[in-house]
Amino acid sequence: MARIRLDHIRHAYSPELAKAGNYALREVDHAFEDGGAYALLGPSGCGKTTLLNIISGLLTPSEGQVRFDDRDVTTLSPEARNIAQVFQFPVIYDTMTVRENLAFPLRNRKVPQAEIARRVDDMLKRLRLETRADRKARGLTADEKQKISLGRGLVRSDVNAILFDEPLTVIDPHMKWQLRSELKELHREFAMTMIYVTHDQTEALTFADKVVVMYDGEVVQIGTPEELFERPKHTFVGYFIGSPGMNVLPCEMDGDAVVVAGHRLALAGGRANTASGARIELGIRPEFVRVVERGGGLPAEIEKVEDVGSERIVRARLGGLPVSAIVAEGQPLPADAALAFEPGALNLYADSRLVERTGGRA
Amino acid sequence: MEKTWNNKAWFFVLPVLLLVAFSAVIPLMTVVNYSVQDTFGNNEFFWAGTDWFTELLGSARFHDALIRNLVFSAIILAIEVPLGILVALAMPKKGIWVSVCLVLMALPLLIPWNVVGTIWQVFGRTDIGLLGYSMRALGIDYNYVQDPIDAWVTVIVMDVWHWTSLVVLLCYAGLVSIPDAYYQAAKIDGASRWAVFRYIQLPKMGRVLLIAVLLRFMDSFMIYTEPFVVTGGGPGNSTTFLSIDLVKMAVGQFDLGPAAAMSLVYFLIILLLSWVFYTVMENAGRDRAVKETAE
Amino acid sequence: MLELKNLVWKVGRDVHIDDVSLRLERGSLNVLLGPTLAGKTSLMRLMAGLDQPTGGQILMDGKDVTGVPVRQRNVAMVYQQFINYPALTVYENIASPLRIQKQPSAEIDAKVRRAAALMKLTPFLDRTPLNLSGGQQQRTALARALVKNADLVLLDEPLANLDYKLREELREELPKIFAATGAIFVYATTEPHEALLLGGNTATLSEGRVTQFGPTPDVYRRPHDLVTARTFSDPPLNVIAVQKRGSRFTGPGALAFDAAPAHAGLADDDYRIAIRPHRLSLGDGESGASFEAVVTLTEVTGSETFVHADFGSDRIIALIHGVRRMAAGDRVRLGFDPSHVLVFAGDGAAVNAPVALAA
């Protein structure tokens, strides 16, 4: 196991692109602590897979260094780095049994027979695949196959980290829950560094202790699920995390208050220091928008109410601006509605970046 | 339950049925007809019953030719399949060299059988052929006209040269369809080159290999043109395969009855052996096929 | 209106579709919800005429179309994989069904541009699909289905290969765009959440059978049986075996609570109760119905926490508001309101739908 340090990594897919300043990965400088569970989250084309391939050794970055503990591994191959990887589509050896699949990496490393048998038996139990042990791997379901690919990494004691490349893509929703919770339990037992690439916010947030949100070749925020939810540092994070994403409303500064669609809103916390000329936006999550009787907040028109089972999503318009609110199942909606924003949950953005306010959060 | 069946489709199949009838079924029936009769020309026929079959199946000439065929096919498969796999593995997977290699591989396949025979016939001649002459110059006693072993070697080398690329192309098609993730996973698992071949490439090539083996078996079992052009079945009878014998009998000796009986037996043997090959290999690949359709 | 009557499709001994009857109205959106291999794709192929059923009838506007092949039906289909003509531009891809119909080119041009505008493809009309992102490729396929003006539009997990956020966007746009055409829409998905967001009607599928069909929120709130309830639940449904004696339900681990009024009249017997994860809360619950479970895992999404716990031999998932981190092995008390409980008889049939969910 190891701490993985990415030292000012930049990557372009060809020298010409680099010269033109066209980097797939603009600059990443970050350390993954030993034994942590991390997620790389972002839309396709944001550079998360490029970054994963740089960590695993399938790609050598154009600039910067990758270090495992204090060892520079920038130019080493995946096998020399002792990395295990679980791919989007399960990779199993069709002609082998489940047991042989798990024993394969150990046999290749000339581990003694008795030791192989002991570790494979142990792994079968942990993966809850005992009853499948002597079946050919090709007949199994997708989630069982994914467990085998994971098991082949876990069974080795020398693995520095396990990387996951959207591993739940081909798994049915019900099995996703089970597989994900088993994955978390395994992480706790083995305390191995795990890095999980996904575009699915729920997967990222539930799996990881720390989520690395990427956008357009850059890391825009690294934080715990709570930090990403409560204080998105970039409007993109607010939009990307949460369903529906954060409401981002253009506004103007007016002393200690902001003006949204003609309405003045006082800001909790200290005075915001924004550069003049910056594009100012107000961020508020739908979870913190309440739908109240006219008079109790900013007057708004309800356009549509979506019943999503456990709650309802209200799509409203505040002036010309679309605002979403999440409302509990049984709560009645007023005919003449107004929106009330929870003051502590308001975030202010200048040119898409969070404005840190003196005095902190109320 | 009421259902309106649309039978129009049969009209579209009709021309094909007629074509097959004229090109395959009717000639085959003629052969069956000949095989149970005796003729001395002039369109006079005498009923011979199963005489020709009994005679044929007991004849040493037939046995020898059959054994020659089997040995030949076995040698051809033993050389061309592993060689084909090796060449396919060695071929590049990306870049401009892919098309260069593919064209080079396809070249021998484009040359007609008799031309291949003629090329090698000249190539191997000891007086003017490059191969024959050089061999002689090197002090190796090589003469396919007189030495049975030299004749066999020549025919086999010729077939390998002509047909290995078919196996190569089929295997290559199987290889390029394997996703990169498999190779990456194998690297990460620390698999040796051999293990990658044994557990990833070979299983994934299974189905195309089946086709390659079947094609090469049937083709080599029916070999005719090359030995006919190069050795004419000699020296002696050493390269007289079933097909050559058949032609000798039918055209050379005008023994139409026995020749017809022989061609029927020949046909049945090919059918039977192909079926055996197919069943054995299909069973080996059965579960894999099931899995692939399930996904 | 598309009507399926007792549709059966068997291949050899495998029954892919088992006695399915459905009536789909014009201008309606119909979701087929079920796990992989439940028969969603098979059913769509039968609707399209790509496969012929081994039993039953398919009626289109009252006319029997059972044996009619796909070419003679006015059907459009969009798949999970992005299927476009790789050598044609986006414009030509969208125009292709109209060219086959031999429509005048001025009309084709107008329709293509309108569909492209709806699908936000106008800037990409001259590109080929391989130079587009996944989302744009799928928009192209959707636009092609749109211009065809088909009677029946089949969408087979069209968003499954797209990014989460893109999915959210398209999921909102699609019903709006397609509702305007008046065609019958069928949309297959494995995700309960997606079915709820799309609205319309939902048919839940399990092992080749339609277990329930009706307005989406109805099927979600009032499942007829346990299979439907499980199919239509993400996170998975919590199911506990209980006994009813008098007015009380008792279950494993000292679980005992007064039956809600809707369930009070049930005969004394063994039942199974199902509680949706968001119906569980920490503590005793308002009505005192609660049980103690052992935490195996907590997952934090930022604003909510999924608590996974063992309750006897049952695995429980509770969705709790706020961030609560608990260690594995902690004991946790989970409460619920008995009127939010779904009750199923021994054979899995729902015995009485809770009344409190009318809102």
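Going in written order, the chains are labelled A, B and C, and every chain counts its residues from 1.
What we mean here is this: a residue touches a chain if its C-beta (ideal position, glycine included) is under 8 Å from a C-beta of that chain, and two chains touch if they have at least 3 such contacts.
All values reported here derive from a predicted model rather than from experimental measurement.
Among the chains, which one keeps its Cα centre farthest from the Cα centre of chain B?
When every chain centre is compared against chain B, the largest gap points to A.
Between chain pairs A-B and A-C, which one is joined by a greater number of C-beta pairs in contact?
Between the chain pairs A-B and A-C, A-C carries more contacts.
Roughly how far is chain B from chain C, centre to centre by C-alpha average, rounded to an integer in Å?
Their C-alpha centroids are separated by 54 Å.
Report the inter-chain centroid distance for chain A and chain B in whole angstrom, where each centroid is the mean of the CA atoms.
57
What whole-number Å value describes the gap between the mean CA coordinates of chain A and chain C?
Chain A and chain C have C-alpha centres separated by 25 Å.
Applying the document's contact rule, which stretches of chain B touch chain A when the two form their complex?
Counting only chain B, the residues touching chain A are 179, 181-182, 184-185, 187-192, 195, 199-200, 203, 287-288, 290-291.
Which residues of chain A touch chain B in the complex?
So the residues of chain A in touch with chain B come to 58, 77-79, 83-85, 87-89, 91, 93-96, 104-105, 108-109, 136, 138-139, 149, 152-153.
Under the definition above, what is the set of chain C residues touching chain A in their complex?
Touch residues, chain C against chain A: 35-36, 133-134, 163-166, 168, 190-193, 196-197, 199, 217, 220, 230, 234-236, 276, 278, 296-297, 299-303, 306, 308, 317, 319, 323, 328, 359.
Could you please specify the touching residues of chain A with respect to chain C in the complex?
Residues 43-45, 142, 172-174, 177-178, 180-181, 184-185, 188, 199-202, 205-207, 224-226, 228-230, 239-245, 285, 287, 306-311, 329-330 of chain A touch chain C in their complex.
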